[in-house]
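Shared between the two complexes below is chain A, which has chain B as its partner in the first and chain C in the second.
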Partner chain A sequence: MSRIIGPIARLAALGLLLALVLKPEWFVPVLKPFTENNAPVIYNQGSLLSLTLYHLGLVAIASLIGTALALVMGVFVTRKAGAEFLPLSRSLVNIGQTFPPVAVLALAVPVVGFGVKPTLIALVLYGLLPIFENTITGLKEVPENVVEAARGMGLDPTQQLFRVELPLALPVILAGIRLSVVINMGTATIGSTVAAKGLGEVIIAGLLTSNTSFILQGGIIVALLAVLIYDGLAILERRVAKRTGRLAEVAG
Partner chain B sequence: MTEATETTTPATALTTRLDRVGIVVAVIAVLGMDWQPFATLKPNRLISGQGLSLAASLPTLWAAIGVGVLSIATIVAVLRTGALLRLATGIASLLLLAVLIGIVPATVVPPGNAYARVSPAAGFWLMAFAFAVLTTDAVAKLRLGPLARLAMLAGAVVTVAILLGSGHWDGLSILKEYATNAQKFWREGAKHVELALGSLAAALVIGLPLGVACHRNATLRGITLPILNIIQTVPSMAMYGLMIVPLGLLAAWSPLAASLGIRGIGTAPALIALFLYSLLPVVANTVVGLGEVRRSVVEAAEGMGMTRHQRLFQVELPLALPVILTGIRIVLVQNIGLVTIAALIGGGGFGTFVFQGIGQAATDLVLLGAVPTIALAFTAAVLLDAAIELSERRRL
Partner chain C sequence: MIELEHVSRRFGEQLAVDDVSLSVARGTITVIVGTSGSGKSTTLRMINRLIEPSSGTIRIDGKDTAAVPGEELRRGIGYVIQGNGLFPHWTVARNIATVPTLLGWEAGRTEKRVDELLSLFSMRSEDFAKKFPHQLSGGEQQRVGVARALAAEPGLLLMDEPFGALDPIIRAKAQEDLLAVQRRLGITVVLVTHDMEEAIHLGHKIAVMDGGKLLQYAPPAEILANPAHGFVERLVNGVDRPFRLLSLSTVATIVEPGTADGPPLAETATLRDALSELLWLKRDALPVAGPDGSLIGRVSLAALRAHAGGPA
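On to the complex of A and B.
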């Protein structure tokens, strides 16, 4: 059952998303009842396509920077040279995740001003926490005997890391990246309150002018994007996990 | 036997006596002390101000005490010292910084000037961060138990209460902002806690039975968990926005709903959105917790003649408690943060100050909303972490 429902639901969601972004005028009859006093039905302060691309671009850049930083830090604290930082890193990640994303965003404004900068800072800082946490967990979970075997085969520490440890930790790291991307999608939306360009603009414009049609357009586009990206990354993760599972069997 | 062949050069002797975390702490602390201003003095609430060094913002005696003690603390951090000494040093430094910043307004603001604003600047924050890292590292290395951590939290709360109650910080800009918003602050604060706890309570009432049902019925589990997962993925601003529509329609069509105060904007959509977000951690963790209860334990309970009902309440749920509590921790910390965004749809809470502050470009007002939110989330995390550990111990 779910084998049929899954792909159909995915296609439907993707189709709805594309239609909402590319052909918003198709939805005028549906959205018309949600406006009052002849207010515009379709968001008219910018193209929905460019806002969507901008939003995705911001999340992609922040997630790439966050992933790179988190991977380097995660590898460092699980090596001998960085072992002293391991207990501290775990605590800081825990404490950092109790900070609400909106607080990180709001506190970055006085430091760097309004616009895309505070949003990018909040996205990178907040987004790297789950990846860092999962990199540590993933690398620590690699069985000791597998690493021993790699050493026995004559791999140097760098080769051990890139050919054995990181590939085995990849599914856990990917789960962290997925969580991070979803959090970033949400924080980027809130970024519109500090004047970063993005889809949050549409929702905020709707709230400010009591135009429910704008709220619906912005809300549905953001929600569909987040759910589809989450779903896509989850599928990728399962594929990698399957491959890694075989790898672990061979290695173990 | 590699140790025997290694020669001890002066360089290795030095590095073995230095603490690597301590070096990072020291670099940040020194940057904060010497390179960045300690406090900012602004002519009024909105104009950007002028940075003051530690020496320029305090009376000579206090500045000397500050530089002296914090320098010694930095040295303690750099050297390889015992974790207890490091903990005491970290706490003492943080306390000293808290006292020092309170002395600044009386020193730099001419008497009678009610408009000038004094706030901590980058130097203060860097030093506070450095010594907070030192404290956190020591706590992590000491592996303090749940009760010790609770005692530390209580100590921190009492200290902050004394500093606030005594009026020591009254000259700081965030407290001036509080003074003009005092009534609203407590009203929004109560609203914030109410929304976070209310949605958690609702999620427990629905989520726990749903979790038990999902544990017993694989089909229900296969439908429920993916749906809750999708809900959890929807960004909060979109969720709050989308809640406005059905509730607005409900209020328009049903006079009863409208008379109960249900409207498109306000508390009702905020509460429902938070409730929906809370369901996944509660249901999923209940399922995982019950799934981890060993088959043999359940069979033993059956053998003792327990009914299904007794087994659930006397054996399975108590054993699953730590995992369920972990779900509650996730929900509570997450909700305290998410309530902030509810202010955008008129839901109230500390977010009101954050967004008002952003709108007016008034940093102090942003802080008045953000600082208590962070403090609440942090307190909730420490309390529930301790509860989780205590429940795990009891289970053993």
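On to the complex of A and C.
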């Protein structure tokens, strides 16, 4: 059953997303009840499409930077030379996660100004933890005798890392990236409070004018994006895991 | 030829390998045997410098291994470990091609070598080359592990409990495969096991280790007949000793003139098999057949008894 339901639900979500972004006027009848005093039903202070693309772009850049940072840190602390930095790095990354992104924005704006920069800083810090932890877990889970074999065959440390350890850890790392992207997808809405373009604008406009219809539009688009990306990355992960034979082990 | 000269290795306070000296002749199988923690793996891993000796010298064909960069040394030495350590994300073909790829062989040569090795281990290239390790049985994985170690035609093969994870039947087959391949390629093998039976069966020479020390280094017959006092004695003085002795020689060595009734034994059968047949068939002697099937004499219970006993 799930074989049929999965793709259908996916297609439905994608269709709904495209319609909301490209043809918002279609939803006037549904959203009308959520407005009062003849306020506009559909967000009218900018194109939803371009806001969606800005939003996606922001999350993409933050996730790329976050992934690069977390990967480098995760790899470093699992090497012999970096092992002693594990507790320190772990505390730093955890602070990044527990410190509220709004507070990061408030602290960053005086230093780097308004716009995209403070938002990126907040998103990168907030998304590090899952990628960092999963990189460490993935690398530690690589079977010891496989690494031993790699060394015994004469692979140097770099070759061991890139040909054996990282490819085998990839499914777990991807799961971390997936989590981080989804978290950032929602968190990115706060960027609009410091004038970074994105779907947060729609929600904030709704809040300022008590227009529930705007809030719903912004919220639903963000949620659909998150669900679809989560789903897409999960499929990619399964493909990668299948190649390494891990899925076969898990599934028995 | 491998020479270990006063080789020791410390881990902190512990002396894992304690002043071991031994030399392995080219083209032979040497088995290092001992209980868990006796320093077998450490000794083996010092030969390809996965572990550096704390003191002492190791030479391969006269050359001090410390003078060669570790990776370069290891690419020239086959290495097989328990549970085989195949790369799960690579196909069988790519696994086998690991060292040739590192050495920069051209694709055609590597591909040819992979096919050659698969057929050496009776695996059809069409069936196996594109499979992933998790799609193979344990025995097949083990053979691929050995094929991978032999890919770049090393003269020396190091094996650390290579058959440890196999069931008894597959294990016996893997041992025969190893003997056949070793004879055919003329390579030098150093193999680690904690199974005395396996050591006697495979080794031209056996090195017995305990507590990091090399207690005795001799051919299997010598170890059985004259075990060093103490640990080695206890290791080999089981009820199986006469049978182990018998399993070391073939019928050809004690065949005597004359005839006997009953089904003939092959002259290549071990004395242990001969004894088993005689007991089972309740006979005092059986005829022996040569390679072409013609009868060349007989083997008697009395001759077997003379061969199986210790010093009078």
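Keep this in mind: the second predicted complex is superposed on the first by the 241 of 252 C-alpha atoms of A that agree within 3 Å, B and C clash if a C-alpha of one lies under 4 Å from a C-alpha of the other, contacts with A are read in each partner's own complex, and residues count from 1 in each chain.
Keep in mind that, in the parts below, a contact is a pair of C-beta atoms (placed from the backbone, for glycine too) under 8 Å apart; a residue touches a chain by one contact, two chains touch by 3 or more.
Owing to the predicted nature of the structure, the values given are computational and were not obtained by experimental measurement.
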item	value
Partner chain in contact with A:Asp156 - chain B first, chain C second, else both or neither	second
Touching partner for A:Pro29 - first (chain B), second (chain C), both, neither	neither
Partner chain in contact with A:Arg243 - chain B first, chain C second, else both or neither	second
Partner with the higher number of touched chain A residues, chain C or chain B	B
Partner chain(s) touched by A:Ala103 [first = chain B, second = chain C, both, neither]	first
Contacts of A:Leu168 with chain B and chain C, given as first, second, both or neither	second
Partner chain in contact with A:Glu148 - chain B first, chain C second, else both or neither	second
Doubly contacted residues of chain A, that is, touched by chain B and again by chain C	none
Chain C partner contacts - residues on chain A that touch it in the complex	143, 145-146, 148-156, 159, 164, 167-168, 243-246, 248-249
Complex contact set, residues of chain B against chain A	19-21, 133, 136-137, 139-141, 222, 230, 233-239, 241-242, 244-245, 248, 264, 333, 336-338, 340-341, 344-345, 351, 354-355, 357-358, 361, 363, 366-367, 369-370, 373-374, 377-378, 380-381
Residue ranges of chain C in contact with chain A within the complex	48, 50, 71-76, 79, 81-89, 98-99, 102, 132-135, 148, 158
Touch list for chain A against partner chain B, complex	2, 34, 82, 84-85, 87-88, 90-92, 94-95, 97-103, 106-107, 109-110, 114, 182, 185-186, 189-190, 193-194, 200, 203-204, 206-207, 212, 215-216, 218-220, 222-223, 226-227, 230
